[in-house]
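Shared chain: chain A. Partners: chain B in the first complex, chain C in the second.
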Partner chain A sequence: MKLGSVAREKTRSGFLAEVRRRSGTNPADCYQCGKCTAGCPLTFAGDLDPARVMRLVQLGQRDAVLQSRTIWLCASCETCTTRCPQEVDLASVMDALRIMAREAGLTQAAREVAIANAGLLGSVKSRGRVHEMMLVLQQNLRTLHLFRDAEKGPVLMLKGKMDPLGHKRGARDQVRRLFENVARMEAAERAASTTPRCACSDEGGEA
Partner chain B sequence: MARVGVFICHCGENIARTVDCARVAEYAATLPGVAHAVDYRYMCSDPGQRLIETAIREHGLTGVVVASCSPHMHEVTFRRTVARAGLNPFLCEMANIREQCSWVHEDREAATAKACELVRLMVEKVKWNTALEPIHVPVTRKALVIGGGIAGIQAALDIANGGREVILVEKGPSIGGHMAQLSETFPTLDCSQCIMTPRMVEVKNHPNITLYTYAEVEKVDGYIGNFAVTIRKKARCVDEALCTGCGECQSKCPQGKLKTSVIPNEFDLGLSRRPAIYVPFPQAVPNVPVIDKEHCRYFQDGKCGVCQKVCPAKAVDFTQTDQVVTEQVGAIVVATGYDVMSSGEYGEYGGGRYPDVIDGLQFERLLSASGPTGGEVKRPSDGKVPETVVFIACAGSRDRSHGVPYCSKICCMYTAKHAMLYKHKVHHGQAYVFYMDIRAGGKNYDEFVRRAIEEEGAVYLRGRVSRLYQKDGQLIVKGADTLSGQPVEIAADLVVLATAIQARPGSDALAQMLKVPYDGYGFLSEAHPKLRPVETNSAGVYLAGACQAPKDIPETVAQASAAASKVLGLFSMEQMEREPTVSVVNERTCIGCFDCERVCPFGAIEHREIRDRRGNLLKVVSHVNEGVCAGCGACATTCRSGSIELRGYTDEQVFAQIAAVGV
Partner chain C sequence: MSYAYFPGCSQQGMAAEFDRSARSVCDRLGIALSEIPDWVCCGATPAHATSHLLSIALPALTLAKVKDADAVATVCAACYSRLRIASHELREDAELRARVKEAAGVECAGEVPVRHLLDILCNDLGVAAIRERVKRPLAGLKVACYYGCLLMRPPKVVAFDDPENPRVMDEVLAAAGAECVEWPYKTECCGASLSLARPDVVCKLANDILREARDAGAHVIAVACPLCHTNLDLRQADVARQYGVRYEMPVLFFTQLLGLALGVPEKGLGLNRLIVSPKPVLEKLAAA
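Our next item is the complex of A and B:
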């Protein structure tokens, strides 16, 4: 971490304000007690612990945060959010950071997670419901682990959790409309974030 | 014909930077009735004040306007200045051209014009000012101290040693408060009870102190120098005059027989049981038992009465009733202390569910020779000596999600003390302390904490614990050490939570009774955070100890002595001088509607009967008690017949000011 960049107020507060706006919670409230880290079930696996993620956000370390594996490993269990004495909603921050990382194309650190994410959404978008079998096959093809978890397939099929033909189709039209709505909202959001705004006035995100 | 002098102050650069003071003086000199006008760099300085005095004499001034800072700062100064020159102090007024002008404006022209206007208004007012004489109110030179912790004890002793009478009212059966529960005290580790009990005994024996224990203040009437307080002495059911403190009753009470007893001992915070007739602790003052009627068999089903039978002094009296006494006092010291947040409020730390998760005060009892284990550290569940103890600081403090964003101030210190004392008692034991920051500001305080770490082997881990749970008779504590960036898991035998220091429940009701403001957490508010730390905004009521904010013993004692010195200062006079800017009622025009009584926030309005010579009642009119009136003017603006006037702010004065606006 280059400490010189910490001092540059504009970059620092710009990133902080963006995370604040998009997560609806203020990362500056974090006083680094570490309670989130202590409770996070995935601290052992990540490269940054949750409290460090918050610290780097405070210091405006955009690249370090968006390129970290931790934000992708986060299981959204919300233990951190529940326990934080400062009432920081860390799970939302993690969410916002994932979105920002995808927008910036910074998903290399957790390529497989990003692929899984994209595959899942693609499947839902086209069929209105996940096709588990296809999802797994695609994932294994794209990550070049052809037979990973193959032994689990029969068990899942026997229990009716996975169907080679795909489950009955979901409410495809409604789901498609959902995707369209989200796309529209994201476009509006992008338009709004390009217009300069005062960082202090956007508590809780867009009204 | 009025001869007003106007004195414009530069306040160094504070005013002169934005206001052209010389021009204001020139302008003032042209106003009708102004005989003299000058500007000067510092009007409040000695030469500045001399300037005013000389001008009053030389020009025969009949009124003075000082245009400078807020009257809050220097009204007293300038009133004294004009008094020295032989003018009545209430013929001096201040025009505030600093806070209300130079500090809030940037445009020099406009600010100068506004300063001229403010001066003109005050000149018009002062022409209508009349000489006023201070009011003298008699002072009852006897104090009431509420709360018998170390704060109340210290304040009572200081006032009593200063030669004045004191009434000390304590809610519990004995004085002593929390300090009596402590083991040894930081930063010197002297035994709490050893340093405390001599003072408790002194209170009991002091000829100037009347001690009411097991008593509460029910009502407070009156005002500074003249309060009337109603005190309820709850029935102990033991005659204090007859009881010899032999303890026979306690040992025979069937409710106290070890196995069957279910009554938690409050003094040991539930770590032991007590009988229904009891003295809270061996060194209690007074050493007279009370009967806890809720748990006494005699009061519950009319049976038993053993204590009465065994008492050799015939002191047990089931028929005793509450007594209500009224006392006249001149000043009140509030010293009602604090409470600790219950560890039950921390679900994720198992508080209230796991017997071996206790709070700091409970740990004090485990360390104390007079405690349930005789000073041996044994955990509550199975009496085992804990070999690993985890202390969790800030368990409740600095925690918005638990409604306590403030720092409780003393926990860092007592946690270090606990880690140290534990090591002194269990040599092979290991203490871990989870903390966020160490706050050890104070003489020898940081050295004390360092000693716990460097010499007594306590392992300090920087991080908040996330969760703890029971497993195989131990408590698994999951936390993190943010300094090494590692998650930490410790299997502990005992966990001690440094729970937050909170205001006592009911402190808000007490504050309302005394008309003392209090903050959002229930702590009583001082009149000024820096310059009037022991006074309150309710004249004659002072604060001491942890009822004002979390504090340790040295701070508590210092504040108690400070409150006592304020009381003694007040009692140094037989009569008290008050400002004469109070309301007066015109009894001829008052129609007795008493709207004024309804709006007066200070309860200063009284009813006065007007009778003819033969004693026939003609009418009842309003009368303002000058001792109570704070001069807020609410009554004057409410009175429909225009019968109330606030001295110093009469209709003539205010109308003259309004008429001068924008001329």
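Our next item is the complex of A and C:
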């Protein structure tokens, strides 16, 4: 029992430390004033408000945070970061949490956002620039909302806003190499940073 | 001053009229823009929500192509934010610079400042110079200047104005003769990055913004971001379906309004590409 709870403590503070390292800001500085929540335009859609996310990070509630819808519905508008009296960069915390959730395969809470993000990056990787029309078509196919916004297609074509052939590309080879390098470097960095942590604290933590 | 121009992806697709009107306006005002050759996407929100390194390396690839310019000029608030944040972090963090060099294969120290066109108009050119060149003042036109989220935030990195009550767009359009209304939703977010994944969420935010602009007495909304533009202009039909209110509120890029005042012919502004037509409002104004 005692050993288990010590290990759990380590895992919990380990989560806070990891969020701190990845976000470059210290969530422990949050004193729960709620200013972030008051200004957040997305509280109506999320399952946790931003101040609650910060508290759960402080308490090491890894699963509750990484499985929440809120981290994906954050629009990165930076209102919280701008107004935090403790200068906690909440928007960067949300980024770090999304990255950690994705690495852990926990994107079910907001599958559509994860698909949209992957879709845009796929477009950039293969073309160097975003192809908006392809993005909409792919999103609808992958989420099975086949006719979402379909009525807008003809209007946009008529206005010249969607031109299937007129799209330009930029520095494709350089961009493809960049994506490959980032993936390789981050896999190596992850391997280097997770090995010692797994060995000392994760084992039996939630048993 | 010489500016290396970064158009951004939307400005060659959905928001080509933003690019076109920005070039026309700069031409009239004697601001020389030279497009960065072979520029690439800034990565937008999907990049920084997926990988920090990727979100800095993509802008770095473009910034490294900038030669002999005093500043990088952007029109899209989202591109501005991503490029500006990347150049800020590259300046501050030597370790990140080294990782970006390995990833992108280019060296970038973030030395050339990244500027938004509104910043350039207000602080390099000055509103007095704009006022002098106005041919058809927008007299009687009530404009709600909508800055959105990323133009002024986070203030440690991007702001060239008050992040809670910015004035630059109001000043530029006031110099063009418009009457800019005071309203409380200048910097509220439209949910831009969720437009594709969660249009229902975006409709709620767009409805709030449209309602506040209408209640403040605005005839039109002026924006500085193609994502804000899509959400406020294109999604008005969805807002009507979801909330039962038809605003018929024209949403124009600030460069289109400024271009009208400077006497740029309509072809150079792309007004016909807007979903909610500004023609009825503009014609009523001309007749008055």
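Note that the second predicted complex is superposed on the first by the 174 of 207 C-alpha atoms of A that agree within 3 Å, B and C clash if a C-alpha of one lies under 4 Å from a C-alpha of the other, contacts with A are read in each partner's own complex, and residues count from 1 in each chain.
We take it that contacts are C-beta pairs under 8 Å (C-beta built on N, C-alpha and C of every residue); 3 or more make two chains touch, one makes a residue touch a chain.
Worth saying up front: this structure is predicted, and the values here are computed from it rather than measured.
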Quick check on the chain A-based superposition: chain B and chain C, clash or fit? fit
Could you say whether A:T43 touches chain B, chain C, both of them, or neither, answering first, second, both or neither? first
Give one of first, second, both or neither to describe whether A:G34 is in contact with chain B, with chain C, with both, or with none. first
Quick check for you: in the superposed arrangement, does A:G153 touch first (chain B), second (chain C), both or neither? neither
Scan A:G14 for contacts with chain B and chain C and give back first, second, both or neither. neither
With both structures fitted on chain A, tell me whether chain B or chain C touches more of chain A's residues. C
Could you look at A:A51 and tell me whether it touches chain B, chain C, both or neither (first, second, both, neither)? first
Shortest span in Å between Cα atoms of chain B and of chain C, once chain A is used as the common reference: 6
Shared chain A contacts, counted only where both chain B and chain C touch the same residue: 44, 79
The chain B residues in contact with chain A across the complex are 348, 394, 398-402, 436, 462-467, 478-482, 485, 487-488
Going by the contact rule at the top, pick out the chain A residues touching chain C in the complex. 22, 41-42, 44-45, 73, 75-79, 81-82, 89, 91, 95, 98-99, 102, 110, 112-113, 115-121, 124, 128-133, 135-136, 139, 148-149, 152, 155-156, 159-163, 167-168, 170-171, 174-175, 177-179, 181-182, 185-186
Can you tell me which positions in chain A touch chain B when the two form their complex? 31-39, 43-44, 49, 51-52, 79, 83-87
Residues of chain C touching chain A in their complex? 9-10, 12-16, 38-41, 43-54, 57-58, 61, 99, 102-105, 149-150, 153-155, 163-164, 187-189, 191-194, 196-199, 201, 204-205, 234, 272-275
